[in-house]
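Next, two complexes with chain A in common: one pairs it with chain B, the other with chain C.
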Partner chain A sequence: MEHIYKHKKKIIYLGILPAFLLYLGFVIIPIFISARYSLVEWNGFSPPSFVGLENYAEMFGNNIFWRSLKNNMVVVLASVLGQVPIGFLLALLVNQKIKGRHFFRTIIFMPVVISAVIISLVWSMVYNYNFGLLNNILSFVGLESWVQNWLSNPDIAMFSVAAVIIWQFVGLYFIIFLAALQTVPDEILEAAKIDGAQGWKRTLYITIPLVKDSILAAIVLCISGSLKTFALIYVMTNGGPSHATEVMAIHMYDNTFNGMKFGYGSAVSIFIVVFGIVLVTIVRKLFAKFEN
Partner chain B sequence: MNNKIKKIDKFKKIATYAILIFFALINIYPIFWMVMNSFKTENQISINSFSLPESFMLSNYTKAWNAVSLGRSFMNSFIVAGISVLITVAIGSLAAYFISRFEFPGKKLIYSFFIFGLLVPIHGTLVPIFILMRNIGLVNTRVSLILPYVAFNLPLTIFILSSFMKSLPKAVEEAAIVDGAGYLRIFWSIILPMSRPALATVGILNFVYNWNEFSFALVLINDNKLMTLPLSLSLFSGQFSTDYGMQMAGLSMALVPIIAIYLLMEDQLVKGMSAGAVKG
Partner chain C sequence: MINKKNSLIIFIVLIVGILFTSSVMAQETVELEMWHAWTGQDAFASEVLLPKIEEFQKQNPNIKLKIQVIPNDSYRTKLRTQAAGGQIPDIMQTYPGSEVQPLVEAGLLMDLEGIIDYWTDDLIPRDSLSAYTFNDKVYAIPAKVNYTHFAFYNKDMLKEVGYTVWPETYKEFKVMADKLKAKNIVPISLGNKAKWVLQSIYISTIGDRLTGIDYLEDVLAGERKFTDPAFIKALDVIKELADEGYFNKDANSLNDMEMRQAFYQKRAAIFFGGAWDIGGVIETAKEENMNVGIATFPQIEGEVAPKALSGVTGSAFSIRSGLSEAQKEAAIKFLKFFYSEETYVDLLRTGSFVPAKVDLPADISPQFQEVINLVNEHQIGPVYDAVLPINLIQTINNGLQSLTTGEMTSEELAQQMQDNL
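Right after this comes the complex of A and B.
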């Protein structure tokens, strides 16, 4: 076999080439160009001037940038503490012999496939002060005092937005955990039952350790997914009121395409890439330590 | 004792259903509520947004259809997403075939290089791609969307296809090679037909991602005639933000194709999205 393959290497490389070139040109090289842009001052039209690390200095001195980083961390925490446990709980429940398993799976995953733009517009109306579903329900059950402007109150707008992000992606984590739980052999759980491990104890000491790889994968996904948050917030609040819901991707977009600061915007986007890699590495290291 | 266990089991069952039904309602009810209100006048919505509509008034629907040219946006999204998927699957499956079925120098490196793309956030590339498209005069063309869509879909496509192709038995092409068939012939008439399930998964997965994509469309398209569906819908949050009946009607229409695709291809979508998610 091998000898037939050997002198046809050219065909192999040629076959991979189209995918390789497109991927290189539109995914990899742009990151390096971003890095180069981050070192210049440029309005996108007149010739760029080299400023070294000034854009980064400006970024770290900008309160709005820090605010956007903090808001991003709210999204990360809401995802890790909201989506992961809820997704895990729902997966445990659906992974039983119950009627309507398939129905529940379909409904729980559904929001994941809907575009962020549709979801943010639907939820803007759910949050609407006058006729919105949420305020209506609150008055209906006698909680009038909770009724408020969910998206225009700067103190809570970020949490309202984070709730929608949780709502959209719980289904993804649910599916990841469900797939993992289905690989846990029944015999192990049966054996645990005989040994007297019941209910929550069984989940805590037997099931969770068996699916810990998926939990790590889910947390990594929460982090990288949260740092990408853009469309949902762009449409729902556009980062407002007064930057209360601005995340880094919005900060980057706004400065680049509205403020015409292409260098500064590129510095922010490089920060997003690097920050994501660093955060994910830390989580992986923590997990490895935890294991030993 | 036995009775007690039975009671606990019964309680557990009820609690299970209660929790699941609660979350199912949270997922469904906001959408149901919106669809109901899309048939009402502004006045009816503000008086009581809970009630069922008195009649299926369609004026919101015709208004929404025309206001953001929904028909045209559906078409634009379909063209851009469809062409991108065809190109991605064509060049992605070819690359996956060689990566999964042959040994050659640099194979592992090339594979990891592609997989690395699962980690790259779109916003890290947005500015250079915009500048590039502007410099070569492609801003406000469909090509400006198709190129990055294909490129960003390749990592997941190659990942899913090459792990599937790797699992096919080696014997299938050995017979063909003895018969004198060339590599491309084996790819076209043996490997591709056998990979149909995986091709369906990546095809539908990429289609949905492209159909929903917003950031590139926002930056690269501002000509109304070329706007994709998410971009057109985003106009609701700006210029039409106060006509809620119309907005609800527009969103209800926009939900139809994606929900239909989801219900028809649920298994492929669920499998593909979770595979990509875990790897990323």
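Right after this comes the complex of A and C.
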């Protein structure tokens, strides 16, 4: 077996090569180019001038940047604590032999494949203060006092937006978990049943440990996905009102392409990359610790 | 018989033939890439500018225009970004003042000095080109003058609270707005999600009136400051409108289209918009049987230029520098065709203001005649985002939104703008 594999190594590398070159050219190299841009002051037109770490100093001294980081953490937490558990629960449910599970599978996955712009427009209407679905339902059932200015009130806009992000991506983790659950061998579950592990106990002690790797993968995906979240918020609130829903990617975009501060924007991008790597590393370390 | 040799000869003849015809055709046809932002929703574009482009293509089959239409909000960002990469189209719509300036400074645009005599001074006064003039050279020709501030009000709703005429003073305006509020009518419809509305439409005119029309130039020259009490007072007016609850509560999550819709659906009594709204308002009022009046912001105490109305020239095309001779010729031919006297007269008919000296057509609608009279009572003042550098536009756009949510005071915003200068 090993022998055969050895012979094919070259072919494997050859197969990986095209994808690797694309990845190198469009992901890895641009990160380094960005890193270089983050050290200059440049408006895109005039020649760039080297300023060292000034862009980073400006970034760390900028209240709006810290606010965008805080908002971004709301998204990360909402995603990790919202999308992953809800996706997992739904996967557990649909993994049962219930009627119409194919139907549910499609329905739950659907938001993932709808364009972010359409989702944003639909939810903007749901949240609309005057004739939105949400406020109408609330007043219909007599909860007028709960009627809110969902996207215009800076105190709650971030949470309204985060709810939509959860809603859109639950399906993605649902599918990942569903696939993982289907790899759990029936024999083990049956053995557990005979040993008296039922219901929650069986899920907690048998199923979850068996799909642990998928959970880790889901959390890593979740963190990196949340850090680059952009389109939904851009369309729903454009980062407003007064920066209340500005996440790092929007902060970067606004400064780069509306403020023409390419150096500063690159510094924010690099921060997003580094911050993402740090978060993911922490999560991996935590998981490894639990394993021991 | 067709043997191998024969077929080879036929093949060569064919290839040479194809190459020859295509090279001849290439000599005759000039291709020009064109970008503009007229999606055709407004009368001036759908009835005048877009048909003009079509007509040009029909008359000049040897000039092929490859057109990309990009909606206004994304157009500026796209052009800026492409320009930063040094890749801009051959003919493109450019925006006035500080928007086009970096493109000019980067040497991306062709100056029109060689051909500008075609328009100046008989058709277009040189003064009207100032927003596109840098170092005494003109880089674009505008089709319109966009006044960025008008008040559109529902006469019937105002009558309900006892007002048959638009209030003269800001004080009176507030009394009226309070009465509207008491009747559960939203006084002013606002949609400031995209953040430019409070700046272009509101603060430009209010600021110009309180600070004087030379103020921004003086500030940029360092002779005055943003912390000037007159400017803070202008910001205070916006803050007051928001604090008193005269705007709809969801103003920061609606776009400007939704702002107009709320007015058309009679969910608000007033909305402030630009000259680009006039055609649509007059038309919709007719369809919906609405009684709409058009005015400008009422007089505020302590105004320096009480008749100022913010406005700037727009719908301008620039030509890229570094075109081939044939392309240049074709592009100039297009400009001469596009910015003709006929175009300006047609634009007037659709309710647009023009930078050219042309006579009003006799068949102009009475409503538009009224608006022209209104504008003639005013003097043109600068629009903030056509004069301020890009980082200050960003500061004031974001800051005005923060004013309305109470996260910033007028003094803080003024100080921030001064710091960012």
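In the analysis below, the second predicted complex is superposed on the first by the 267 of 292 C-alpha atoms of A that agree within 3 Å, B and C clash if a C-alpha of one lies under 4 Å from a C-alpha of the other, contacts with A are read in each partner's own complex, and residues count from 1 in each chain.
The criterion applied here is as follows: a contact is a pair of C-beta atoms (placed from the backbone, for glycine too) under 8 Å apart; a residue touches a chain by one contact, two chains touch by 3 or more.
Quick caveat: nothing in here was measured; it's all calculated off a predicted structure.
Novice: After aligning the two structures on chain A, examine chain B and chain C and state clash or fit.
Specialist: Result for chain B and chain C: clash.
Novice: Using the touch criterion from the header, give the chain among chain B and chain C with more contacted residues in chain A.
Specialist: B
Novice: Quick check on the superposed pair: does A:Leu143 touch chain B, chain C, both, or neither? Answer first, second, both or neither.
Specialist: After superposing on A, A:Leu143 lies clear of both chain B and chain C.
Novice: Answer with first, second, both or neither: which of chain B and chain C does A:Ile16 touch in the superposed model?
Specialist: In the superposition, A:Ile16 contacts chain B only.
Novice: By the touch definition at the top of the document, which applies to A:Ala217: first (chain B), second (chain C), both, or neither?
Specialist: Touch status of A:Ala217: first partner only.
Novice: Scan A:Leu121 for contacts with chain B and chain C and give back first, second, both or neither.
Specialist: first
Novice: I'd like to know which partner A:Leu172 touches here: chain B for first, chain C for second, both or neither.
Specialist: A:Leu172 contacts chain B only, not chain C.
Novice: Where does A:His243 make contact in the superposed view: on chain B (first), on chain C (second), on both, or on neither?
Specialist: Second partner only.
Novice: First (chain B), second (chain C), both or neither: which does A:Phe262 touch?
Specialist: Both partners.
Novice: Return first, second, both or neither, reflecting whether A:Pro154 touches chain B, chain C, both chains, or no partner chain.
Specialist: The second partner, chain C, only.
Novice: Looking at the overlay, does A:Leu77 come into contact with chain B only (first), chain C only (second), both, or neither?
Specialist: Neither partner.
Novice: In the superposed model, identify the part of chain B that clashes with chain C, out of 149-157, 221-229 or 257-265.
Specialist: 221-229
Novice: Show me the chain A residues, by the header's touch rule, that chain B contacts in one structure and chain C contacts in the other.
Specialist: 44, 124, 128, 130, 236, 257, 262
Novice: Using the touch definition up top, name the residues of chain C that touch chain A in the complex.
Specialist: 77, 80-81, 83-84, 102-103, 105-106, 192-195, 248-253, 262, 267, 390-391, 394, 398, 401-402, 404-405, 407-408
Novice: Give every residue of chain A touching chain C within the complex, in rising order.
Specialist: 43-46, 124, 127-130, 149-152, 154, 157, 236-238, 240-244, 254-255, 257-262
Novice: Quick check on the complex: what are the chain B residues that touch chain A?
Specialist: 13, 16-17, 19-20, 23-24, 26-31, 33-34, 45-46, 49-50, 91-92, 94-95, 97-99, 102-105, 110, 114, 117, 119-132, 147-148, 150-152, 154-155, 158, 174, 177, 183-184, 208, 211-212, 214-215, 218-219, 229-231, 233-234, 236-237, 244, 247-248, 251, 254-255, 258-259, 261-263, 266, 269-270, 273-274, 277-278, 280
Novice: Quick one: which bits of chain A touch chain B in the complex? Just the residue numbers, please.
Specialist: Contact set of chain A toward chain B: 1-2, 4-5, 8-9, 11-13, 15-16, 18-20, 22-23, 25-31, 33-34, 37, 44, 86, 89-90, 93-94, 96, 98, 100, 103-118, 120-126, 128, 130-133, 136, 140, 167, 170-172, 175-176, 179, 214, 217, 220-221, 224, 227-228, 230-231, 234-236, 249, 252-253, 256-257, 262, 265-266, 269-270, 272-273, 276-277.
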